[in-house]
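Shared between the two complexes below is chain A, which has chain B as its partner in the first and chain C in the second.
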Partner chain A sequence: MKNRLKVLRAERDWNQQDLADALGVSRQSVNAIETGKYDPSLPLAFRIADLFGLPIEAIFLRD
Partner chain B sequence: MKLILSLMLATLCLFVSSSLNAKPTQCDPAKATKIERSTFEGQRFSVHIEGPSKGDVDDVILIPGLASPRDVWSTTVAAKSGCIRIHAVQIRGFGDDAQINADGPVLDPFIKELADYIAQHIVAKNGKKPAIIGHSMGGLSALIMAARYPDRVGKVMVVDALPFIGTLFNPAATVELVRPQAERMAASIRSSYGQPAPKDTGTDPGPQSQAGRLTNTAEGRILVDRWSRNSDSRVIAQVLLDVMTTDLRPELPKITAPVTLLYAQDDSAMTVEQSTAAFIPQYAGTPNFKAVQITGSYHFITLDQPEKFGAELDLFLDKKPEGK
Partner chain C sequence: MIEKNRMAPYMRRYTVRIIMFMAAYVIILTSSLFFARNGAPHSQATLIGLALITAFPVVGVFWAIFRLLVETDDEYQRLLFAKQTLLATAITLVIVTVWQFLQVYDVVSTGPQWMGVIWFGALGIAGPFVRWKA
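Take a look at the complex of A and B:
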């Protein structure tokens, strides 16, 4: 699944570790989600959406 | 001028990687052991060291290019630090305080200090020669290191860099022909030091921006624009001058380590043939040389084609260093 996490991070000047800390997951998990190797669970997707103040569909895009 | 500057900026990034034995480096972060982190504060640069706390692991030094902080390798560090020990170098002034780099030549003293760092903190500790990977000016630094300190470099990966950047402007260029132009460009950049600059808006500066000539993604443009903004223009000017007046081509035959070049090509910038013609002839005489063209990418290959870069990095890390 495609996502806009890299752009959203870049806009806020967060590195992968910053995002990982904010979400309470490992940096490797953030990397795996960003690169499309791993789809987040629904609860994690909601946490990401809450963190960025955006609807899920503005972050995760259908293939 | 703007385009030339973009090309220069583009060709000045560095990444040094150090690797030891040939062994599988396919990395599963989920299975990674505990990761240990430390820092080294040098005169010309600092290093963030990150890798498995246990086991016989390969050392990889990453060096960014002109006006780039170590963040240019953040995806690589996240993907690999569970399997290799990464030494992410950052030249002072490219994202932090310029300190001693504020005045006088930077490139040569940087290379000498990095050679000492490798000898003391990698070779003496682990008994193995590191691999060096550099982006742009970092790639040039990796080549210089391999040519002048062959006892400290196991293998080299150059990401979109040339042994002499002058050939981008004129295939017949020499250091003396390029020097006046290099000095003018350096003076112009240096004069912006301390001047008010537009604020970082955190938004995509767009494909027509200076960053837009170096990377073809929105997140890449935001990052490259910020990195440039956060760099000390005195250090950018000096390193640009140092790089433009360095022609390593006569020293390439002295390199004993295998060299892998990744060079960028994007249809909107140049054809496949033009890209190949710009890079390959300049590496003539490099003994153990392999080149891979990365299509769909501008200068920041790690940002524009992270998956292709990751695949080539895996091949490179599994490659046997010289003499093994």
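Take a look at the complex of A and C:
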């Protein structure tokens, strides 16, 4: 699944560790999600959406 | 929340547990072997008791590893740990299966032994494989 995490992160001038800290996960996890190696569960996807103040479908896109 | 440059709480608990069980293992194994081989005759019940006491910290290490799977609150890390334990189990099964048939065909005199130790070794091998490019 594609996502806009990297762009959204860059817009806020956050690095992967900043996002990881805000989500309470490891930087490796953020990297795996960002690069599409791992699709997050719905609860984590909602946490990401809440953090950016966007709906899930504005962050995660269908292939 | 995981703070910068700090070990995650689940990993800190895991590390403490492993250190405690390994320290207990060294102390128990050394003292039990010393007692068992002191030249005096021991009853079967005593020897069974020594075996159980010595096995306890090793069982504790297994518990700590599987407890890590339960307590890891980072879902991607939990997936990696789960993959690592499954790969370790697969490697162990391959080794003991081949070893067993080597014994069946009289290539080696004894069948699979120390499977827990083989699994621990396999877990160490599986880690880098699972986390490579993860």
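Note that the second predicted complex is superposed on the first by the 63 of 63 C-alpha atoms of A that agree within 3 Å, B and C clash if a C-alpha of one lies under 4 Å from a C-alpha of the other, contacts with A are read in each partner's own complex, and residues count from 1 in each chain.
Throughout what follows, a contact is a pair of C-beta atoms (placed from the backbone, for glycine too) under 8 Å apart; a residue touches a chain by one contact, two chains touch by 3 or more.
Fair warning: this is a prediction, and the values are worked out from it, not measured in the lab.
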Touching partner for A:9 - first (chain B), second (chain C), both, neither: first
Which of chain B and chain C A:61 touches, first, second, both or neither: neither
Which superposed partner A:21 touches (first chain B, second chain C, both, neither): second
Partner chain in contact with A:44 - chain B first, chain C second, else both or neither: second
First, second, both or neither for A:33, with chain B first and chain C second: second
Touched partner set for A:1, first chain B, second chain C, both or neither: neither
Interface residues of chain A shared between complexes with chain B and chain C: 26, 28-29, 32
Residue ranges of chain B touching chain A (in the complex, touch as defined): 29-30, 32, 71, 74-75, 78-79, 82, 200, 202-204, 217-219, 222-223, 226, 306-307
Chain C - residues contacting chain A, complex: 1-4, 8, 73-77, 79, 134
Chain A residues touching chain B - in the complex, by the definition given at the top: 6-7, 9-13, 15-16, 26-32, 34-35
List of chain A residues in touch with chain C within their complex: 17, 20-22, 24-26, 28-29, 32-33, 37-38, 40-41, 44
